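The structure under discussion is supplied below as structure tokens; questions concerning it will follow.
Naming follows writing order (A, B, C and D), and every chain is counted from residue 1.
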């Protein structure tokens, strides 16, 4: 499960670059201007990369704490990967239509829904793992609820931004960037992995 | 064998997104309509992703039960990967031609044949492994025949859908989706991997 | 070294699919004809996939026999990956120009040179490993020379086909296919990996 | 961290091939000339591949010496991967605009800045690891400062080339190639990994 997920994350991150528009038609001296005109597309690339990065960080922590997998979690994980694979497409819509007034709103709302679905599914995989007792028995309840909090998507934030995107599509992209930065910043309390490892080995030698 | 297969599965899944048509020419306010018009292409993306996901699940279970590999199984596996790599192309044909009457039938039949070949080859790799005694000696005959049943492709179903696709191409795509969902749903009896691992360690300590 | 190589092989295999031309301009009922017209491109896809598959098989065997790596072999391996990454481009040239008389010859010769360079570099990595004593000490001289023979490229065959490609480009593609099939077929004597593993464990318990 | 990084490096290397322009419009007999005309694009492919290769080599050595990771280094590493993912885009700009006088300068300067940022971030990841005591305790100070020197980017060299690129864009590409070759050549003193491993096992048996 980890190998295919890491593969999909890596490829999806790198495929995003294909959405970066090269302004083919730009004349001889105005490439800087042409590139600057494409800024919402480049901003979308940054947001998508940061969001996939944040999902990967959460996924990585999660798989480290899993003891074993069952058929259902493998399928839930596939569903998560499905929406991660769609992110380059949604980013492409954004990059293509940010100049067209009505279409830009559709693209921004679509993009927000994709980001939301990725977050919801990452959380669903973890919650299923906890419910089905797939997590490592070394983790105590405090640690599990800490990670559950960390992996809970900012549902309210995304819903607000999706609505905002219907009216001010360009502003909403900055909102999505803020969410991604918030997810990436390690300012919430986290268990250091080393601490977990040390505790585990203490328990083992004690047992 | 697992590394390259997982890599190809991950890349093929993600490359499917390149087949998702961005309706470049759509005007300012009709992006929703333009996206809705592309539904067979998006449905094809879903079917291809689900099919590659199902093949990956089967492949993953299979490689877990393999004890060692021989030169022939590596080559059979390469042939499977060959047809998995072709799936994004067949999906692209589908997405491109669903609006053109005659071509749509060709695209649908081609797509069905690719799906069938992937299923047949996955089954062939497993049957070869059983015949050449490459599976783990811990597995008893019941377990092997259970997995053989699981990995047997729905030959009849695919054949029916390929014929159907020659007359009602759009309907057949829903059929392929139904097959993929059937392959993904874990309602058939499966050995839990944990049970297998536990039994193995019991045998080891007993021996 | 194995992770990045397997990654590049998997991605290069899958990227080949992007060279498969979808005949966009084909009318309503002649998609079969349009696809049939593209056969040299599809044959090129098959040859490139088979060649990368053969190189992967050789590379896989080789890395299994390596005991450790040194800075120089990592760089030689990067050079091999460089030419593997160029194969999709050379295949694209072939698919694009097989209808244009003079250009077809250039494309065919370029393609042959790329295949030859990949083969030569795979062999060079192995010969360097043997010369620099990087191979596992468990392998005796017979086994090493057997693998050396296996990894020696069909220099004569490729040289002949490159010259042939300058005059009969379409014929030469069948020749490259024949070489790839020859490299893939396991009819040459090979050490079974199980035998190697068993011998190693015997030696360890003996020592 | 290693899996996703190796995945991104492999995909970015292979995606570079998509920037190689196939001269579609070239007539029947002048494909050699048309390919020769594209030389700056092909040179850019070579430079980007060599640079990603050099960064991978440094990254590979670094992760081997890491004992554990912390949340901050994972995020710094994501930032490095972000700029590695942008390299195919910058290479595409170079390949597209080398014929347009003013745009060529912009493309060359952009490309140089990307190369510089990749180098700076690789160095930053390592320096952070040393500062936060994430490196393996087996490494003594001499070994750490040796690797720090090796991973210090040629800031001066890149800065000079970026300025040069604003005036002589084609010349600067050769400069970037020279830097990449310098980074790849193993002529600077390096610790052999075998030596490190042997020392470690000696210490373990001593302790």
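In the analysis below, a contact is a pair of C-beta atoms (placed from the backbone, for glycine too) under 8 Å apart; a residue touches a chain by one contact, two chains touch by 3 or more.
Because the structure is predicted, anything quoted here is derived from the model rather than measured.
Asks: Chains shared as neighbours by chain B and chain D?
Replies: A, C
Asks: Compared with chain C, which chain's mean CA position is the farthest off?
Replies: A
Asks: Angle of the rotation mapping chain C onto its copy chain D, from a C-alpha fit, rounded to a multiple of 5 degrees, please.
Replies: Value: 90 degrees, nearest 5.
Asks: At the chain A/chain B interface, shared numbers over all numbers used: above half (same) or below half (different)?
Replies: Chain A vs chain B: different; shared/all numbers falls short of half.
Asks: Using Cα averages as centroids, what's the distance between chain B and chain C in whole Å?
Replies: Centre separation, chain B to chain C: 26 Å.
Asks: Round to the nearest whole Å and give the separation of the Cα centres of chain A and chain C.
Replies: 36
Asks: Check each residue of chain C and list the ones that touch at least two other chains.
Replies: Residue numbers touching two or more other chains: 3, 7, 10-11, 15, 18.
Asks: Mind pulling up the chain A residues that touch chain D in the complex?
Replies: My answer: residues 2-3, 6-7, 9-11, 13-18, 20, 22, 24, 26-32, 35, 46, 49, 53, 56-57, 60, 184, 186, 190, 192-194, 197.
Asks: Looking at the complex, which residues from chain C come into contact with chain D?
Replies: Residues in contact with chain D: 1, 3-4, 7-8, 10-12, 15, 18, 68-72, 74-75, 78, 81-82, 85-86, 88-89, 92-93, 96-97, 100-103, 106-107, 110.
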